[in-house]
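Below are structures written as structure tokens.
In the two complexes below, subunit A is the common chain; its partner is subunit B in one and subunit C in the other.
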Partner chain A sequence: MRKYFEIAKILFKAQLVYRFDVFFNALFTVAKIVFAYIVWGVIFESNTTVAGFTLSTMLSYYVISSFLSQIEMSDGITGEISGRIRDGSFSKFMVIPSNTFLHFLWQNIGSTLFYMIFNFFAAVIWIFIFKIDFALTTDIAIIFSSLLLISLGLFFMVQLSYFIGILTFKFKNVWLFNLIKGNIAAFVTGSLVPLVLLPMGVVDVMKFFPFYYVTYLPSMMLIGRNIDEFIVGIIVLSIYILVFIIINISTYNFLRKKYDGVGI
Partner chain B sequence: MRRNLRFIWILFKLKLSHLMVFRLSFFGAFFADGILFLIQLLVFSAIYGNVDMIGNWNQAQMIIFIGTFSLINAISMVLAFFGINQLPNKIKSGALDHYLTKPISPLLRLSFESIDLGSIPLIVLAMVLIAYGISISGIILTFTSVAGYIVLVILMTILWYDVELIIRTIPFFVVSGTAITRVEELLELCFRVPGILFKGVYKIVFYFILPYGIMATVPTQFISNTITTWELAYGVGIVLLFTVFTIWLWRFGVSHYKSASS
Partner chain C sequence: MNIISTSNLTKSYKRYEKEEGLKGSIKSLFKRQFIMKDAVDNFSIDIRKGEFVGLIGPNGAGKTTLVKMLTGIIAPTSGDITVLGYYPNKLQNEYKKQYAVVMGQKSQLFFELTPSDTFVLFKELYNIPDKIYKENIEYFIDLFDIKDLLNVQVRTLSLGERMKMELIVSLLHNPTILFLDEPTIGLDAIAQKQIRHFLKEVNEKKDTTIILTSHYMEDIKSLCKRCIVINEGKKIYDGSLKSLFARYQTHKMITILFEYESSISLPYDIEILESSPYKISFMIKKFEVNKVLKYIIENYEIADISIEEEDIGNVVERIYSNKVGDIE
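This part shows the complex of A and B:
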């Protein structure tokens, strides 16, 4: 276990080199809040509530969901695995004494923790700049429940990104899969618009998929809504996580035989 | 002019041969942008499911807006985006030498050497969406409104090209320009927000400094008969201003180009 902590520590420190990326990541958090402020500010000029949201709760939702979507950085795993398989340097992960999935998971944890600090401050500063009446729940149990959901959700996204990454063994180039996954995930996780605005039937279908519980449900819980969905969220995410553990192990063991170690 | 057109035709044929070899890449841009297009539509449909108006725009106007920016985006993708997108790397690696030493305009070659036919289906989709928006809005089309709309879409596509090129000329003057695409990714968020929603300082920024706010908004306002003469003149004026500035900046940048390893 200690070696994985070391991997996380190295990646945490390595982010210091990529200052511009860190700056832009935080700027994206801010940009999402600013555009939510512009669009919803206009909408709430002629409406007092929309789907049960006031302007304050809507902006609070965007602050939390923007923060969560920016710390969901598993895309990098797909990029690195794909790049390394293509240039032949993936061989390293087959010979070092660490589990490949855990290696990428802890790399992701290390870099995410670093970005989390800056994104957190970016979000907090803009709460004060926009004078948002931040509607965060004060119930400690709900906050911890949300943190549990967030952790499981991020873990699931790492699994999904890892799965797309190792598909490079078979498909040679997975950038298109990754791009499509990223665009769809942005919508179905509720980081573009709260899912409660969608027709009820669509939302009910979304509850069968894990994305609903990655960003949307924790954000809603943190503003004091949808608390009753917590247990369902834990169950659904746990099932998907277990399924993907099996899928990832079997896919990796099957496809790694196609890798010849000299790049594509 | 005829010589330039013939040159563009040759570049197009070369690119077509290249695309036949890499068939997945052929529709890559279409899939990526097509999904963004659908998501944008879903986002605003979700909002309009709960409110009647956003600002003073109804759902039909918003559909025309989404169709218009998808159209501008798709035309840009087909014609010039993938060409000028390579400019920062060519400056960094010194590969721009090969463009500057040939007896043809380097900017012309750079702009049209990576024509991408994969986004053509997106143009068709965008046009269908615009037609749908017009049909449910009750707008009565005239020859003038259609012709004016087409001219404005062409002008705004030029404006988008200008802004893309301005951003990509920065590496002429700085050591590294690798973060430029990230800057643009951020700025393009503004393109997806209707300009009518910007107020105060945001209006100044997104109507004048980074005119993403007017690109799809002005043609939409024109075809839905909600544009004032002043707004129309401003839109056309900004295109002229930015085009003149872009040409000047390109020439100024080339004069600062230090060849390989610059």
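This part shows the complex of A and C:
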């Protein structure tokens, strides 16, 4: 186990080196919140509530969900695996005594933790600057439930990104899969628009997919809404996670035999 | 005891062929043409513990492919392979903990971090006990004398410095076998020498079995008692390096300086390397040296003569151009 902590620690440290990335990551968060502030400010001038949101709960939703989507960084896993398979440096993971999936998981945990701490401070600062009347629930049980959901959701996203990454063994180019995933995720996780604003039928379909529970539901729960969906969320995510454990193990064991380790 | 053993090991790569240009690209979307390439072909070897084996062959001979199969990175197409009792491509952790591989153009280090950081990571990855870890770090750092580079970013290291770090990282867990694929590629003479010294020490003091591929014959000559020559995927020689050279270093290089301007013509079939009014140098078969020198001394005024071993590159060329069955 200690080896995986060390992997996480190394990635955490590695992030510190990329000061620029950190800077842009922060800038992006700000841009999103400013955008929400302006757009929703206009809309709320003529309404006091929209789909049960007040301006401050809406902005709180944006702060939380953009925080969550910032720390969902599994994209990097697909990029790294795919690039390494294509240039042959994936060999590195085949010769060291660690499990490749766990290696990437902990690598992701390391960098996520880093951005989490960083983005957390950023979020707090924005709440003060925009004088958002922050509508965080005070119910400890709900906070913990959301944290559980968030952890499972992030774990699932790592599994999915890993899966797309290792498909490179077979398909050399996975950018299409990644693009599809990226767009679905951006839309379905509700970091662009709260999903309650969409037609009921669409939302009901989304509930069968894991993305709904990754940022959207925990964000809603944290502002005190949709609490009753928690149990379903845990069940759906757990099923997807279990299925993907099996898919990933068998896909890896099957496809890695196709690996040529190109280059020198 | 053999710790590496392969028999009739074969790896065929499938490679797609595409016609030139856009038309070819589109055509290949629908109908892929591929050719098979036997990169390693019916290869059988046995290596004992503690050996230092040189694996040589021209570009594309199949050396890297062989190393990749031995380390389990790729699966063989057919044939048997056992290393330390394991089938490498099963990628078992128990196997991985017993070998190390360093490929000249690939890195195990994290470029953004320092070598020390990577050392600590490897300590955990391989569960290296504190005592052994400390001893090894001290021993290797001393051997390379690179104490002051441990806490700088890896990306700022020079190629040679980085390669030394790669070697240290790979040896921290005292592997039984060390695979080296062109570890000295691109290094200057000093660094190459240091690395050779390092490897010799490791092989002797730690009894590490080392399989080394290199295009620098100096590496092979000064380190490996045993040498395996591979060409077009096939083994064409396996035996002592000494007899390989005895057999293939067939020529001498002779350089003669003349007192006076001379235009020399030799009545023998020799390969002239350089010729000017005051100097000639040529290659000649060992057994003809006597005869030719006698002729020259009798017919010309000579200022100086030197007789040298033939350049190692020629020897290698001759070895490689040999077809299977010619030797052994």
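Keep in mind that, in the parts below, the second predicted complex is superposed on the first by the 262 of 264 C-alpha atoms of A that agree within 3 Å, B and C clash if a C-alpha of one lies under 4 Å from a C-alpha of the other, contacts with A are read in each partner's own complex, and residues count from 1 in each chain.
One rule holds for everything that comes next: a residue touches a chain if its C-beta (ideal position, glycine included) is under 8 Å from a C-beta of that chain, and two chains touch if they have at least 3 such contacts.
Bear in mind that the values here come from a model prediction, so they are computed numbers and not experimental data.
Participant: First (subunit B), second (subunit C), both or neither: which does A:Phe128 touch?
Facilitator: Neither partner.
Participant: Applying the touch criterion given at the start, work out whether A:Phe208 contacts subunit B, subunit C, both or neither, answering first, second, both or neither.
Facilitator: Neither partner.
Participant: Touch test for A:Gly88: subunit B only (first), subunit C only (second), both, or neither?
Facilitator: A:Gly88 contacts subunit C only, not subunit B.
Participant: Pick one for A:Leu198: touches subunit B only (first), subunit C only (second), both, or neither.
Facilitator: The answer is first: A:Leu198 touches subunit B but not subunit C.
Participant: When the two structures are overlaid on chain A, which partner does A:Ala14 contact: first (subunit B), second (subunit C), both, or neither?
Facilitator: The second partner, subunit C, only.
Participant: Applying the touch criterion given at the start, work out whether A:Asn183 contacts subunit B, subunit C, both or neither, answering first, second, both or neither.
Facilitator: first
Participant: Identify the partner contact of A:Phe28: answer first if only subunit B is touched, second if only subunit C is, both if each is, neither if none is.
Facilitator: Touch partner of A:Phe28: subunit B, not subunit C.
Participant: Which residues, counting only subunit C, touch subunit A once they are in their complex?
Facilitator: Residues in contact with subunit A: 13, 64, 68, 71-75, 89, 91, 93, 96-97, 99-101, 103-108, 110, 112-113, 117-118, 120-121, 124-127, 153, 181-182.
Participant: What part of subunit A is in contact with subunit C in the complex they form?
Facilitator: Result: residues 2-3, 5-7, 10, 13-14, 17-18, 88-89, 91-92, 94-98, 256-257, 259-261, 263-264 of subunit A touch subunit C.
Participant: Show which residues of subunit A lie in contact with subunit B when the two form their complex.
Facilitator: Touching subunit B from subunit A are residues 20-21, 24, 27-28, 31-32, 35, 38-39, 42-43, 46-47, 50-51, 173, 175-176, 179-180, 183-184, 186-187, 192-193, 197-199.
Participant: Write out the stretch or stretches of subunit B touching subunit A in their complex.
Facilitator: Within the complex, subunit B touches subunit A at residues 24, 28, 31-32, 35-36, 39, 42-43, 46-47, 49-51, 53-55, 179, 182-183, 186, 189-190, 193, 197-199, 202.
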